[in-house]
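Letters A, B, C, D, E and F mark the chains as written, and numbering starts fresh at 1 in each.
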Amino acid sequence: MIFAIMAMILLPLAMALLLLSPALRPMVVRGLGLAPLPALLLPPAAWEGSISTVSFFGTWRYVLDQAGALLLGACALLWIIAGSAASRWLAGRGGQGRFALWWLLTLSGSLGVFVAGDVVSFYALYALASLPAYGLIAFGGGGAERRAGRVTIAAALIGEGLILAAMVLLAVNAPGQGLAIAPLVAALPSSPHCGAVIALLVIGFGLKIGLVPLHGWMPMSYAAGPLIATAVLSGATSKAGLIGLIRFLPLSEAMPVAGGMILAAGLVSALYGALLGLTQANPRSVLAYSSISQLGQMAAVLGAGLAAGAPGAGVIAAYYAVYHVLVKGGLFLWLGAQGRRIAAWQLGLVGFAALGFAGLPLTGGALGKLAFKDLAGTGATGMLFSFAAVGSTLLVLHFLRLARAPAQDPQPQPLSPAAWIAAVIAATLLQWTLFAAVTGDSARSALRPGALFDLAWPVAAGAALAWGLAALGTRLPAFPPGDIGERLIAIIERQATRIASAILRAETQAHQWQVSTLALAAALILFVALQTVFGPR
Amino acid sequence: MADLFTILAVTAGAVLFLAGTVGLLRFPGTLARLHALTKVDNLGLGLVVLGLMPQMGFLAAAKMLAVWLLVQLSGAIVTQILARSVRGGGER
Amino acid sequence: MMPLQALAVTETTPGGSLLVLGIVMPAVALVALIGLGGRGARAIVIAALLFQLYVAVRVALLVAGTQSPLAYVVGGFHPPLGITLRADGISALMMVVSAAIFLAAAGFAWKDFAQPGGKPEARAPLIFWSAMLAMASALNLLFTSSDLFNLYVGIELLTFAAIPVTAIKGGADTLRAALRYLLFAVFGSMLYLFGIVLLYGAYGTLDISGIAAQLQPNAATLAAAGFVTVGLLAKTALFPFHLWLPPAHAGAPAAGSAVLSALVVKGSLFLLMRLWFDTFPTLREPADMQLLALSGALAVIVGSVTALRQQRLKLLVAYSTVAQIGYMFFVFSLAPKGTGEAIAATAWTGAWLQVVAHAFAKAGMFLAAGLAAEVLGHDRIRDLGGLSRRAPLAVLAFALSGLSLMGLPPSGGFNAKFMLLVAALAGGQWVWGAVIIAGGVLAGAYVFGVLARMMAEPAAGASLQAVGRGRQWIALGLSAVAVLMGLLPLEPVAFLAIGRAL
Amino acid sequence: MSAALLFWLAGSGLIGLSVYGLIVNPHPLCKLLALNLLGSGVFLLFGVIARRGASAGLGGDPVPQALVITGIVVAFSATAIAVALLLRLHTEAGEASIDEEDGQP
Amino acid sequence: MTGAVTQERGTATALLLRAALYFVFWVVLAGAGLKDLAAGLVTAVIAAWISLRLMPAGELAAKPGPVLALFVRFLWQSVVAGVTVARIALTPGMPLKPGMVEYRSSLPPGNRRFLFMTYASLLPGTLPTGTDGTDLIEVHVLDVDQPVAAQLAVEEARIAGVLADGAAP
Amino acid sequence: METGFDIALALLLLCVGGWSVIARNMMTAVIVFIAYGLLLSLAWVRLHAIDVSLTEAAIGSGATGLLMVIAAHKVAGDTKRVVQLSRGFHVLAAVFAALVAVGIAALAFVLPGEPSSLAAPVLERLPDSGLGNPVAGVLFVFRSFDTLLEKVVLLLALIGVWALARDADWGGVPGLRLFRERHSVLTLLARTLPPIGFVFAIYMTWAGADVPGGAFQGGTVLAAMWILVMVAGVRRPPRISSPPLRLAIVAGPVVFLAIGFLGFLAPGAFLAYPEGFAKPLIVAMETALTLSIAVILGLLIAGPPKGEDAP
């Protein structure tokens, strides 16, 4: 297993190094779709022994468990599909080496993060999954793209900082335990800093999964950059945040307060994302809000799990996410494949897959929803999940309406349609295949009438609502992509600029000769005075 | 005898130093002041040296004489250079 | 934390003469360089620097082998009358780091500063190599001497060697920077010297362990500690005493900047650590140490933000040095005095890792920046586009160095910051922890800003010069060391405690 | 009052004066002069320490005296480099100022 | 001045003579210990060699007799000069009419003229302030009414008389 | 009487020092500083440190003063003030400076009562070296390592000054920043004084082993003579690339280093002297150092090479 893991992480990096040679560059670009192949070796192994660990250099340690394996498999498939499409898309295009470099780096981190078993590896691979995204988003070099890239990277860097703080606190709380994640997390509930660590984790990973109100960067980022890049960013790299929550939340311990808060935050995100998505005019933004909503539901599942102390919540959330990985990636690929008129069969297939987010029976998404039904419960929480599904339906229909209109700015080089079709089909097949392994129920249970009804009514209600709204001619207000998050970003940008200018002014003052020398004299006096007052006697 | 000589010579030297200082203050113009400074003080120093010579051994006395002669030489030359730079032509 | 082992009388240990050779041989080479007027300059320099590396490695092996410090009594006169040299774990480590970076910088500058063969001696090579040799000598002195006045001569030597490197290009800006540097540094060393005066007045010796053995917290000692510390802060360019560093480090030739940023500021920092942990361990009071940490925190924030706003690459890298120096000052407040606790050992290791990782990363980064300027003919950040085509290895070097400066694993910078963070959070010093994290975020921002530009398409009409692979590999090698340090386990390193009562 | 104490006080005063001059005097040459004055003040205090250590028939402790001699030479070296820098800067820029154009305290 | 009063016939003689003179100076400084004398000897010879490099033999060669006479006169003139200026300084009215006088020298530009100027600067009331490539010497005097030029001409003749006809400067 | 003199001297030092700090005109400030240096060497005499006094007069006042005079002469026209300091800032600076001064002054009263001194140990071990001057003993025996490094510092100062040459001027003659005159009586002085100065310089070095004096003071006198010769134009300064000059520069350090390494062989430690040979070795070293110091000081004052400009 160790070789597969190493190959999975290092192969993309090695290919990135090969890009240095102009001669090998086109070859590497052609092989983008092959880079994630080693990852496919891993998931089956997780099912045989459930959890396996390797470690080397003392610090570095890799773990394969079911949650990680589910996400890893799905993401690897998406990367393969998108990578093959990217190779074609890049052929003969300027800057292909650059694009391939950022692509491969992101790929390495994005897959590696699912098997990271110690805090250092996790932190490193998480960063690798987040930071090079800048290059993908800002690839075109336009002003909006660069700004989107900047905002994305700022969010990523801040998230990194918070996560690092959380990890160090984890390590501090369990001295002598080493740096493997599992024992550190196990020691967390008894630590005095437990609340702080969980808050840091939720905010840090929340930035990645766009938990409201930390979601502002997401619509901005998904609306910019090449669609091929957005596909993997939305489908795969956002799951790094999810695996973070899965790995670092002490799910085996019932923590009603913390869990309840995460549950609430997730549900707010789920509903808010669905609602605000309806106000968007750009299909990419709509998909971004859909991601906010979907990832919010996943966070809510984890919150519920934490509240109840259900260790299985991680696997269930991951299972639900698998569908999102491939279908969300596929939808972006579909947008990129448009160029001409859209055939009806396309719209049908896309609609079927996308309504999976709402839980349309027979879709893979429906299976995901069934898997977490127990965790969601039947009370108010369950109802809220259902409302989220209603919202998702509305959102998907809104998306389809927007996407049906001829693209204003048709892609000069459309992506190959095979990519999105492959992604959508893979998603559906994967969900059906894995259902039994994850839930323990047979897949047939998903076809029980009760289950079908539970799944169908929110979709039906959503469709009716959409029809009603359209019939009444209701016009929803238009919000800029990112809404309050965007506003928040603008405020932060303004304040940051102000603070930076103030610091620069202070620095300009401080490097004046007279100020600096005076400060030296003052420091001398202060130092000696402090020594004299507080020093040893 | 030697003591008396010493006292007289050193006193005379001191008086000359005083006169030189008075001249330095009173004379008009830098060049005139240079006269006061060099000529009077040189003599003053000479008298002091002369006065002290009997009080010490041969070698020490010779040392002092050598000092006086060197001061004469360098004093005379440095004065001229100062004078020249005061006149304004000296600096390149 | 870990005071010097109480040593009644230090005697010369086997291999102790290596310490003398480490200091004297570069001086011999310097004398030969001046005396021979350009003849054989290459051979002299390369021989001296290789010998330097040999000495450093031998010292490190001996220290590691015997698990005890090396010592040498110069001239056979023991303190308080004479001077002794002493190399403990940290000395040996820094000697190796210094020798390695000097060799790399020399390799980088080899062609630029070659004496023209067969022709009369040229100016720049003589000046550059003389200064490099003098710096090498002075640094080894600073790492090993245990006599405070001898160390004073050492820090002055280091400054005087740094000045010509700064001023070698000769434009008005660099001259101004060099003059600022000199005046400010001499101010600092005068304050240091006065501290020494007080110590001599109080203890009648200048030997570090001699003073430590009889240390009393009396007024003279407290004042001395203040003067010595503040004087060295001026030389280390801790905020707000950094006025000279950015223009000076940005104005020197790339190899010179690399050595200045990587090593020269560390010389006085080393001395500062030596003083507070070896000479005045019992004076380390929280109030003062928090003051140092506060300055360090300001350095991190102000230096990083200022770096973020620079328009010239070399200035950005120089301001990054201002910021990175700040981290090293957290050790004063994170390693509480008088304990052998795990926290203190963690902070201690973290600080030294930061010193070393920054040395390699910054040297690599300055060399990369130098190559960038060579390829493009300027170092305006907004027009760095195209660099990745002409000098991909240099861009890679910049990126790897940046990784370490940001504190992302795997890198020495990460290990350092992680351990400092552990110490900060375990000691309840949340504020410093927050600053360490914020510094990493800001560093990420400026490194990414530059990398993105480097990867961009070349500006229209830009003419790009080719640079050799060899020098790119040197820059990359230095950066790679900084990254490979990240493979070290995240725990206190025993070697750093050799020669100290842990 | 002993000579040692007197010169200690004088030395302290000189250090204070030179620190003031170093901060406020605008021209680098004036700063350099103040630095030299600072150095001489520090040396003088070292001399007082030496004088306090008069014993064994010596008028002062020879170790600090020797160190002061080394210190004077080092300070002179700094002055020589500084003057050279200053004059070259004067030639290059027409003015030997080390102030930067921006900022007013 | 020590160089000026040396009588020189050839370089070797000059070397010996000057070395002897410097040796005397050394002894005056260092005393007559055995080691000291040995060191002094070496020093004196090197000093004499330096001296010859700076001022070749014969340039200011002088006749011993007149030199002695001039030296005595110089001493006396020093006294007169000092007393004169002191008297002026201490006299309430200060009888002083300072001004510049131009003197045309008959000595060629170079060391001989410089020697004369130096000597003149020690005379009462006169202070040469400079010369150039011509025969002009500018002299500052304390009393422009005195016949300074005539006095200087007399003194110049004395100097010229002392100097032997050596190599041309 | 003596106390009165000391009080007067201390006050004078403060006044003159203060004057040189606040003087408006740079040339005035520098000249006052030179006077201050001379007063300071008097103070050193009062502190029973004749060696330091001589060094202060020669280097602290003389050589430093000369450098500063040259600089002040050149930059006299600098008037631009980029930064105008407010009155408040002046007051603030004065307050902090005063606090520093008062603090240091107060230390006089809290220094440990029992002064520590190395005078006795120095005297005890001095006879081994054959030297009579304890200060020379410290400089060349006990702490000769410092002294060796100090020579490296001087070399580096020279490198620092030479670094400021233009590339085209490299190898040429120093630019003698002093005014040079052709028709000056200075030439007479420059032809007559140097041999005497030489004898005196060698005497100072020679005697330095036993009485105050030494290589540094001797070297300074010698340097002064050399500068005199160069300024008067009697001898052109040598090209900085000339081999004899380079040899003279490194002679002292080379001998010093050689003797240092010799110590490895004979008594077995760097910079230790073989028994009985200490004094001759030290004298040889000091002689070579005198030459090197003189040349280096002269070159430091003469400045970086300026090419073959018209004299």
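Here is the rule we go by: a residue touches a chain if its C-beta (ideal position, glycine included) is under 8 Å from a C-beta of that chain, and two chains touch if they have at least 3 such contacts.
Just so you know, these numbers come straight off a predicted model, no measurement behind them.
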item: Starting at chain B, fewest touch steps before arriving at chain F; value: 1
item: Contact-graph distance - origin chain C, target chain E; value: 2
item: Innermost chain, taking as reference the mean of every protein Cα atom displayed; value: C
item: Which of C-D and D-F has more C-beta contact pairs; value: D-F
item: Distance from the mean Cα position of chain E to that of chain B, given in whole angstrom; value: 16
item: For chain A paired with chain F, centre-to-centre distance based on mean C-alpha positions, whole Å; value: 70
item: Euclidean distance of C-alpha centroids - chain E vs chain F, Å; value: 32
item: Whole-Å separation of chain centres (CA-atom averages), chain A against chain D; value: 63
item: Numbers and ranges of chain D residues touching at least 2 other chains; value: 15, 19, 22-24, 31-32, 45, 49, 52-53, 63, 67, 70, 74-75, 77-78, 81, 85-86, 88, 96-100, 103, 105
item: For chain F, residues contacting two or more additional chains; value: 83, 85, 89, 93, 96-97, 100, 103-104, 107, 111, 115-118, 122, 142-143, 146, 150, 153, 156-157, 160, 164, 184-185, 188, 192, 196
item: Touching two or more other chains - residues of chain C; value: 81, 149, 153, 156, 160, 163, 167, 170, 175, 180, 187, 194, 200-201, 204, 219, 223
item: Touch-based graph of the chains, sorted into line, ring, star, complete or other; value: other
item: Contact pairs between chains, per stated definition; value: A-C, A-D, A-F, B-E, B-F, C-D, C-F, D-F, E-F
item: Complex contacts: residues of chain C adjacent to chain A; value: 180, 184, 187-188, 191, 217, 219, 222-223, 225-227, 229-230, 233-234, 239-243, 246, 282-283, 285-288, 291, 295, 301-302, 305-306, 308-309, 342, 388, 392-393, 396, 407-410, 414, 418, 421-422, 425-426, 433-434, 437-438, 440-441, 444-445, 448, 452, 455-457, 487, 489-490
item: Interfacial residue positions of chain F with respect to chain B in the complex; value: 179-181, 184-186, 188-189, 192-193, 196
item: Interface residues, chain F side, partner chain A - complex; value: 83, 85, 89, 92-93, 96-97, 99-100, 103
item: Touching residues (chain side chain C, partner chain F) in the complex; value: 12, 17, 20, 24, 27-28, 30-32, 34-38, 72-77, 80-83, 120-124, 126-127, 130-131, 134, 137, 141, 149-150, 153-154, 156-157, 160-161, 163-164, 167-168, 170, 175, 194, 198, 200-205, 216, 218-220, 223
item: For the chain B and chain E complex, residues of the former touching the latter; value: 15-16, 19-20, 22-23, 26-29, 31-32, 34-36, 38-40, 42-44, 46, 59, 62-63, 66, 69, 72-73, 76-77, 79-80, 83-84, 86-87, 89-90
